[in-house]
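What follows is a set of notes on a single structure, which appears directly below.
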Amino acid sequence: MMEITEIEEEAALDNIKSGERIDDRDLKEFRDIEVVTGVAKKAEGSAKVVLGDTKVIVGVKFGLGEPFPDTPDEGMLMVNAELGPMASPDFESGPPGKDATELARVIDRGLRECEAIPLEELCIEEGEKVWKVMVDIHVLDHDGNLMDASALGAIKALKEAEMPGYEDGEVLRDEGEDFEVLKTPIACTIGKVDDKYIVDPGLVEEEVVDGMVTVTWTEEELCSLQKRGNGGFQKEELLEIFELAKEKSSELRKFI
Amino acid sequence: MSEDKELLKDGKRIDGRAKDELRDMEAEAGILKRADGSGYFRMGGTEVIASVFGPRELHPKHKQKPQRGIIQCRYNLAPFSVDDRKRPGPSRRGKEIGKVAEGALSSIVFLEEFPTATIDVYMEVISADAGTRCVALNAGAIALADAGIPMKGLISSCAAGKIEDTPVLDLKGEEDKDGQVDLPIAMNIETGEITLLQMDGMTDIDEMDKMLDLAIDGCEKVAEKQREALMETFGDKK
Amino acid sequence: MMEITEIEEEAALDNIKSGERIDDRDLKEFRDIEVVTGVAKKAEGSAKVVLGDTKVIVGVKFGLGEPFPDTPDEGMLMVNAELGPMASPDFESGPPGKDATELARVIDRGLRECEAIPLEELCIEEGEKVWKVMVDIHVLDHDGNLMDASALGAIKALKEAEMPGYEDGEVLRDEGEDFEVLKTPIACTIGKVDDKYIVDPGLVEEEVVDGMVTVTWTEEELCSLQKRGNGGFQKEELLEIFELAKEKSSELRKFI
Amino acid sequence: MSEDKELLKDGKRIDGRAKDELRDMEAEAGILKRADGSGYFRMGGTEVIASVFGPRELHPKHKQKPQRGIIQCRYNLAPFSVDDRKRPGPSRRGKEIGKVAEGALSSIVFLEEFPTATIDVYMEVISADAGTRCVALNAGAIALADAGIPMKGLISSCAAGKIEDTPVLDLKGEEDKDGQVDLPIAMNIETGEITLLQMDGMTDIDEMDKMLDLAIDGCEKVAEKQREALMETFGDKK
Amino acid sequence: MMEITEIEEEAALDNIKSGERIDDRDLKEFRDIEVVTGVAKKAEGSAKVVLGDTKVIVGVKFGLGEPFPDTPDEGMLMVNAELGPMASPDFESGPPGKDATELARVIDRGLRECEAIPLEELCIEEGEKVWKVMVDIHVLDHDGNLMDASALGAIKALKEAEMPGYEDGEVLRDEGEDFEVLKTPIACTIGKVDDKYIVDPGLVEEEVVDGMVTVTWTEEELCSLQKRGNGGFQKEELLEIFELAKEKSSELRKFI
Amino acid sequence: MSEDKELLKDGKRIDGRAKDELRDMEAEAGILKRADGSGYFRMGGTEVIASVFGPRELHPKHKQKPQRGIIQCRYNLAPFSVDDRKRPGPSRRGKEIGKVAEGALSSIVFLEEFPTATIDVYMEVISADAGTRCVALNAGAIALADAGIPMKGLISSCAAGKIEDTPVLDLKGEEDKDGQVDLPIAMNIETGEITLLQMDGMTDIDEMDKMLDLAIDGCEKVAEKQREALMETFGDKK
C-alpha cells in the first residue's frame, strides 16, 4: 500500500521546479496510455483506460425510463462515478463523496454541453418512455489524474456501445446496432507549479501543484472547465493552459 | 441550453442592464450570534447567508492533517429557495459546489497556522435566481473575515456568460436558462488569482478571453461591496 | 462561537431564582421580537422571525401530489424543520434528529388540530391530485426558544402566502391569490424554576429550567401541548402555565 | 379527528368500559436475559417489551457529559404491530416519542451518579392499539427498576381524552381515531410530578382540568400493576 | 448484561471436547423449547419461539403490491430480520447488517426453494396486483442459535396465518381464511469442535465452534445449506451433519 | 427454478462442456499498484478483480479484537456487470456474500498474528454470468497471497449444481437460472476442508454426495490456475 509521504511530496515538487518529473517524464508528457474496449461483457459498451498505474473501467448500459417533465421528447444521460475502497487506501465505502461527485459531474458536463449524445433521438414515446444512457465510471487503481482517464474511458465506451433493440416495452439486448456519438470531448488536466505547467499529474503531483484545471475540448471548441485544488491562476496563465490542453488533448484523441 | 427568448434588445438585457453590468448587490457582516463569523450577500434575486465555525477540532481524528488545517464547505439550497420545493439533504450539485468552494477559499487562509483543525463554512441559499455559487462564496468570504480568521486577501466571485453570442456579465435566472455559456469565477482581489473557475457551454478562446475580462471586472465591484459591509461591522465593533 | 459554560448556567439559574434574568428581562417578558415577511422571494409565503438573537426563516411552498388513501379529497400539509450546522456549534449535518423532528411535529400539530388550513379546499381531483402545502422551518441562529419563533414564523408565512394557480397539471406560480388560513395558533413556551415561571427561555435558560411546556392556543382554545426537558410539573402548576401562556400568546399574536 | 361513530352509549364505551376505567393490564419484569433489565406491559390490545442496557460508556466520546449520565430512549414499532406493515427503520413519530420518553424518564434516575455514561432504554411495540407511548413508558420504567438503576421513584403513564365532548380515560384504537382529544401523561408516582405531557385536539382549561384528574388517577392504577410485577421478580430473585 | 468473557469461551470449548455442555445438556440436545402463537394481535399470523434464553417473535403481514416484471402472475414473499439493540449489547441501531441479512436470507431460501408458499395462488390481477406475504423476524433476546429459532417461528407464523379478504383494491382484515402452506422447512444448526458435533449452539458456543452448518430439511429433502463461522469441514463430516440435522429437525417439527 | 430449456443434450451442456468440466479460466496476480495485494480471476463470462489492504488499524477502535485480527470482505457488483444496470450501493445479497466470504477466508490466515488489525478484501465483479461468489473468492485468495499475508493454505472455489436431475460442475448463467440446485463451495486446498458451503434447491443426500465430489474436483483445478498466476508474479518479482 502506498501512503504518500512528505518526502515524496517534496521530491515531486523539487522535480517540477527544475523542469523534471519524479517518474522521469517531461513536464508535458503523458504517462503510458492503454485503452482496451469490450472489457465488461454485460455492458453495451465498455473501455478500460490505463494511464501509468491509474486504471479505470467505464461501462455503458442502456435502460428505459420516463423522461424529465421539461424535456419530454429527450432521452436521458446519467454519469456516475464510484471511488470504491478497492482503488486507494484513502477511499471509503459509502455513497459517493465530493471527489466522486465532482468527477462524475465534470465528465457529464463535458458530454452534455457539446451535445455528444443526440438525446432527442433517444425518445421512444414522448412524455412516456425514453432511453436512459447510463455511464458508470469504476476506478480500479488510483494513481492520479482520474479525470482525464475517466473522460477518455467514457467517450470511448460510448463510441463502442451497441444500442439494444426495443419492442413492446422490452429491451432486446441481443439485437444491437451502433450507437451514434456526435462529438468527441476530451478532458485534459494541466497542473501548475510556479511558472511551470505539467500534463497528466500523478498522485503525488496532484497534492503539490498550486492548482489544476481540467479543460475539455471537442474537436474545435472548449466545452467545459473545472479549476481544481487550492491555488489560483492569473488570467494569462489560464489562456496558456487552455491552449496547452487543446494541443495535448489531440494526443489523447488518437485513442478514440 | 436553448435560445428561445430574446435576451438582448438594443444592447440592453431583459432587466435593462448593460452587458457589463452586475445586478444590484447588498452585503452585511456579523449578522448571526452563535457562529464565529457570518455574512450575507445578495445579487439581484439570489440571496445567501453564510456562517463560519472554527478553527475547531476536526472529527473523526484520523482525518486531521498534522501540518495544516482544512476548510470544509457546505453549500445548501433552502427547500423554499427554488420554484419547486427542494427536498432537504445533500444533492450531487451541492456536493460539487462545496468542493470547488473549498478550493476557492483554502488559498486565502493561513491554514498552516491551524494544524489538525477545521474551519467550517456553511452557505445557505435563501433565494436562488442564478449565480448561487458566486453569491455563496461572497457571503462565505465575508463570514471568514468576520470570524477574524487570518487571511491573505479577500475572495470575490461573479459569473460571466454568453447570450445570443454576446459575452455578458452576471447572468440572471432566464439568461442562465436560455443562455449559451456560464462561467463562474472567484478571485483573490489582492493578487488577481482566479481560485474558482468553472464553465459550461461551447466557446472558443477569444470569447473566453472577453468573458474572463468581464468577470474579473465584476469581481472587483463585488469586492467593494464586501469591503463596505466589513468596514461597517468593524465600525460597529469599536 | 458561544459554547455554554457551567458558570453561565449557574448565573442563569441564580437570576431566575431571585426573580431576574441574565439578559435583564422580567421573568414574563419576551426578548425583542421582529417579524419580516417576503424574505424568500421564491417561496409563495415566507417570514423571518427574530427573537432576541434567535433567527428563523419559514418558507411556504405549494406543490401537487397524490392524496393519502384515507383522505382522498383533502390537500396535504407538511411541516419540516432543519437544524442545520450553520445555526449552532451543537447542530450537525445529516437527516433531522430528535430535536428537529420534535420542533416540526409540535408546529404541525398546532396547525392541524385547530384546522387552521382548510385541507378539504385543497383538493383538485379526488383521489388523484391535491395541493401540498409545504412549510419549511430554517433555523439561522439558535439562541433559544426555537419553538415559539418557528411557530410564529409558520403561521405568519402561511397567512402571507399567495396560492399559485393551476391548469392542466401545471402549477402557475405567476398567478397567485390570497391563501386562506382559518385560525391563528400561537405557541408559547413557559419554563419553570422552583416556583418561578419564565416566558421565552433563552439558550442557557433552556438548559437549567426544571422543565418547559410549549402551549399552543388559538384565539379561544388550547390546541396542542408539549412538555419538554427533564423535570416535572404538578397539575396545579400546569393549569397556571396554560393560563399564563394564553395571556402571553396575545402579545405574539399582535405580530400576525 | 372526526366523529362518525357512536363512541359512548348509556355512559358506556364501545368496549363496555366506564369513562374512568382503564383497559385490562398485564405487567412483568425481568423477562430477558441479555439486557441489564427488562419489562413487559400490556394495556388492552397494546403491548410493549422494553430492555435497558447500562450505565455504559457513551459513544462517540465527545458526546459524553462530564457531570452526569444521560438516558437514551428508542421507541420502535415492530413491522407487524400495526394494520399495514410498518417499514423498519426510524420514523418521525418514533423519534419524537423517543425524545419525550427521555424527558419523562430522566427526572427519576440519579444521573449525577453516572458521569459520562448512557443508560439506554429500548421500547419495542409488539402490538399497537392506541396508547403505545404510555405503555412503552410503563414497560421502560419496569425495565429500569429491574436493571437496578438507582431511582427517585416510579414513572407510570396513561392517557385521558375526549370523546363526544366527554372526558374519558385511556382511549383505545377506535376512540383515538374518532375522538376529539388525546392527552397522554406520565407521572412520578412518589411526587405527583407530571414528567410527560402531550396533547392534540381542541379543548378549554376546564375540560383539561378534568382530563388531567382522570389521567392522574389512571397513573396510580398503572403504578400498582408495575409494582406487582416488580415485587414478583424481586420475590423470584430471593 | 452478559458480555462474553474469555473464561466462558474456554469453559464452553473444554466442555464440548469432553462431551459435555456448559449448560449441562447433551451434545445433541436442544435447550428447552416453547412455541406460542397469536402473540402479535395485529399480525395475520405470529409466533414466539423461546429456545433456552433466546427469544424471537415472528409476525406475518399480508399487503398488496405490484408483481415483479419477470413473475407477473405470482405473489411475493419477503423475509426481513431486525437484530435491534434491545436483544444484545452487541447489536446496534441502523439498517440490517451482515448478520441480520444472512439470517433473513437463509430463512427466505428455506421457504422459497421448497415452494412452501404457493406464490402463483397469490396473484390478484396478472401484472398489476398481487399479495405480498411479509415475514418479519424480531429478535427480543439473543442467547445463540437465532437461525433455528427464527426459521421455526417463521414457518409456524405462516401456518397459523389467516389470509385477509380482498375487494376493490382494499385489504379486508376482518375477513380471514386459513392460509395454505405446502411444506414445512425446518432449519437445524450443527456446530463442530474437533470430532464432536453439537446441536443448537448457545451464544458462547457459537463463538468457539470450528464452524457451523445450518441445514434446512423439508419432510423429505434438503432445501438449503449455509456454512457459518470461520472454520471448515471435510466432506464426510458434512454428510454426517446433514443426516444428524435431518434426525434432529424432526424434534423441532413437532412444534409445528 | 423452472426447467423450460433443454440444458443437457447427448451428455453435453449448452456450451458444449461435459458434466464435470469447468468453464475456461484466467488468473492474474499483482495487477494493481495502490493495493497491498490484488488478483484477477475469470471463469467463462464471470470476471472479478480483488484488492487487499492491510493488515491495518481497524476503525472504530472499540470494534478491535485484542487477541486477533479480523478479515472484512466487501463483495460488489459493478453497475454494468449485469443485464439491467445495478444501482450502486450495498444490496442484501452482497452483504450476505461478504459475510460468507469472510467465513471462507478467515480460516486460512494466521489472524492471531495481527491483534486489533483488519485485513480488508474488496471483490468487484466486472462481469456476472453465474458463479460470482466463487470467482470473487478465487480472486480474493490470489490477492491475499499477493499481499504477502501469512496463510495456512490456498482457498479455491467453484460450484456444482443439478440440471435436468443430473449433477454437473460450474453452472453458467442459463444453467443457474433454469437449473434445480446451486451448490457453491470453497475449499482449503491443503487440508480439503470446505470453508464455504451454500445450497439452494431441492436434493437428497445421495445427489449431494455426487455434487460435492464434483465441486471438490473443480476446486483442485481452480487451485492450479491460481498457483500459476501466483508463480508468474513471484517470478516477475525476482
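Order of writing sets the labels: A, B, C, D, E and F. Residues in every chain begin at 1.
Definition applied: a residue touches a chain if its C-beta (ideal position, glycine included) is under 8 Å from a C-beta of that chain, and two chains touch if they have at least 3 such contacts.
Here the structure is a predicted model, which is why all the values come from computation and not from measurement.
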Steps needed, at fewest, to go from chain C to chain E via touching chains: 2
Furthest chain, CA centroid comparison against chain D: A
Chain centre separation (chain A, chain D; CA means) in Å: 57
Averaged-CA centre spacing for the pair chain D and chain C, given as whole angstrom: 26
Chain B and chain C: spacing of chain centres that average the CA atoms, whole Å: 31
Distance between the centres, which are taken as Cα means, of chain F and chain D, whole angstrom: 50
For chain C, residues that touch 2 or more chains besides their own: 96
Residues within chain F bordering two or more other chains: none
Contact set on chain A toward chain B in their complex: 6, 96-99, 101-102, 104-105, 109, 113-114, 211, 213, 218, 220-235, 238-239, 242-243
Complex contact set, residues of chain A against chain F: 1-2, 39-43, 46, 53, 55, 57, 59-61, 63, 80, 82, 84-89, 93, 95-96, 134, 136, 138, 140-143, 171, 173
In the complex, chain F residues that touch chain A: 32-36, 45, 47, 49-51, 53, 56, 74, 76, 78-85, 88-90, 120, 122, 124, 126-129
Touching residues (chain side chain F, partner chain E) in the complex: 92-93, 95-96, 98-100, 102-103, 106-107, 183, 187-188, 191-205, 208-209, 212-213, 216
